[in-house]
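Both complexes below contain chain A, partnered by chain B and then by chain C.
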Partner chain A sequence: MQPTITKEEIMQVFPKVAATMADALGCDVEDIKLDVSLIEGLDAESIDFLDMVFRLERAFKIKIPRGKIIDNARGDLSEAAFEQKGVLTPVGLAQLKAYLSEVPPERFREPMKVADIARLFTPETFCKLVIMAQRETKAA
Partner chain B sequence: MLDSGLAGRTAIVTGGSRGIGRAIVELLAAEGVDVTFFYRDNVAAANAVVAGADARGNKIASDKVDIRDAQACAAAVDRVAERCGRIDILVNNAGMIRDNQLAAFADEDVQIVLDTNIGGVFNVTRAVVPHMIVQRSGKIVNVSSVAGEKGGRGQTNYAASKGALNAFTRSLAVELAPRKITVNGVAPGVIETEMSQPVRELAGDDVLARILLRRYGKAEEVAYAVWFLTSRFADYVTGAVFNVDGGFKME
Partner chain C sequence: MSDHFATFSFVDRITEYEPGQLAHGLFAIPATITAFPSCLVAEAVGQLAAWAAMAHVGFRARPVAALAFETRFVNDVMPGSELELAVALASCDDAAVAYSGHARVGGATVVELHDCLGPMLDIEQFDSKAALRDRFALLCGAGAEPGRFHGVTTPELVVTSELAGQSVRAILLVPTDAPFFADHFPRRPVYPATLLLERQIELALRLAGGATDWHAGESIAPMRMTNVKMRAFIAPGQRLELLADMAAPIGETAKIALSARIDGRQVATAQVEIGRRQNQ
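For the complex of A and B:
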């Protein structure tokens, strides 16, 4: 099971997430659309993802453990049920599609490698990451 | 006068209470850098460094941190970031020797050297790099050793740690180049410090015979190389390991 995140929650954090991401990527905030692919649309590299995470941690005063997006997507599935030898299982892929509901279905490859998951990430993915981290901070 | 660009910068130097580390701390502070050094256990030596800086009007702070402890490193780095606002320079200097022939090592002789000399570098650098990535600038200098490249009896543990450190330097330089963070190494030869005293006493003549300049180095002479690599003069240098060894011969 994955927790539900509403559109309202996403729109609440989006302006600050977008501003933070624009700083990290060195682009205009107008370029940060909710559903643009960060890697293919905004030329983000792996170090940019780290930069975004560090900046989001500061901006929202939250802690984002490394690998958290994939952990969130995996939910309560065991690692073995989610992926085998770096490739998502059918159940794992369904779970990922459900979590990354903002990503159009045709962008998911089959088979889908764990290493390629980051290619799917959009600003909305990061909004969800922030919301989940905020919930965990409140719960703690 | 050339301006090194160091005045007003902030730095962390590990292993700063004695030896080469102390020389680095004092030289950077004399250049106007706000330096925080980490030390493991010699409180008296650490306090002496801080007191000397206070007398000269330089900014040096100390923090007692065992760099083998990742959480302690993260907390100490956060304290520096909190106090100084940014971290411009990291000098990974802390290191130790526990020389013996391989077959005579106790388990701990291997573990403590690797945990300190390379594990400690991972712990501190992992805590510092996020700050530098966000700043889009930074200079990291790793204090290695000739032992990282050249063989020496009784030093398999130390040599392995320093060889690993040189590899670490080159790979991290690749990773951080997109954020204009440079990563370099300085590889000292035999320097007149407490740490090298046993080697100098046991094998002095043999060692001197291998040094082209026929003398041991001074801690300050290593510090000058670190100074260069942290200054704006080295903006175009990354992934390099710079020998300061009096011409240590490969024989």
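For the complex of A and C:
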């Protein structure tokens, strides 16, 4: 079961997320649309993801463990139920689609490798990451 | 003497180490070398952080230079000085280490690093796990033999275009062979990011120095470097195109955007502020 994140919550954090991402990617904040693919649309590389997470941690005063997006997507599923040998199981893929609900269905490959999940990430994915981390901080 | 732990190693002794928290160390800059640039002082701080990070993860992984949010160059250091190094780890695991740190000489800060982040990669790709573990034990104990470093020779920049006060372009040909590659790293030679940054600062100084009427005749120096980001490893023999562009109008400080490309692909970016050196 995935936790509910409302559009209002996303739009509340989006301006700061967008500004932080623009700093990390060295682009204009206007280029950071909520649904743009970070890799294919903004040429983000793995080091940029590390940079973005690092900056978001400081901007929002939260802790985001590495690999947290995939952990969040996996939810209550065990690792074995989510993926086998680096490829998502049908249940894992359905879970990922539910978590990344902002991503159009045609962008999910079948079979889907865990290593390719980052290709789906958008600024909205990172807004959700921030909101989840904020909730965890509050709950702690 | 082996080049390993000699030609590009800048920690002689680790005087304090709290796992996952902090480390203090020392490095005696040999009096016999002609200069020890501030970028190498920053390298020394980064290397102390790397030792602390590697030890914390049981030498499964080592960090590589990737992100440095802010580096402050407070003062130059002279050969013959002893660097007092300190790092505080903000976080450290098998994926990445985040840290800040500084170097002092005689108790006075010379370089400060704020919010650096290095991805942790499989240690065996770069070096012998056993050799690193043994070295760490030596550094934490009696310390390494001083005077191992004999300076670095790096190739000259070849300036290809220049618009006074606006931009400079240059080519840097990374040598195919150099003593520091044996130390950085023994199993995978990588051109050190700090040597690249030193050359980029040189280009920025040229750009700022060529700006009309700006501190004419005064000594200018790098004051602060921000948003350093290394996107790729630079291998021996690669041809780098270095770019320096004036990013803000010249006032008390010239702000310059730096980047480096290989075959058109951006491999490093940073900003540097050049100003008057007041405390020499």
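Quick note on the criterion: the second predicted complex is superposed on the first by the 140 of 140 C-alpha atoms of A that agree within 3 Å, B and C clash if a C-alpha of one lies under 4 Å from a C-alpha of the other, contacts with A are read in each partner's own complex, and residues count from 1 in each chain.
In this section, a contact is a pair of C-beta atoms (placed from the backbone, for glycine too) under 8 Å apart; a residue touches a chain by one contact, two chains touch by 3 or more.
The model shown is predicted, which means the values in this text are computed figures rather than measured ones.
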Contact breadth on chain A, by residue count: chain C or chain B: C
Please indicate which partner A:P105 is in contact with in the superposed arrangement: first for chain B, second for chain C, both, or neither. neither
Partner chain(s) touched by A:D51 [first = chain B, second = chain C, both, neither]: both
Overlap the chain B and chain C contact sets on chain A and report the shared residues. 45, 47, 50-51, 54, 58
Contacts from chain A onto chain B in the complex sit at residues 24, 45, 47, 50-51, 54-55, 58
Chain C contact footprint on chain A (complex, rising order): 23, 26, 45, 47, 50-51, 54, 58, 63, 65-67
Enumerate the contact residues on chain B facing chain A in the complex. 130, 133-134, 175-176, 178-179
Residues of chain C touching chain A in the complex: 66-67, 91, 93, 95-96, 98, 115, 117, 119, 227, 229-231, 269
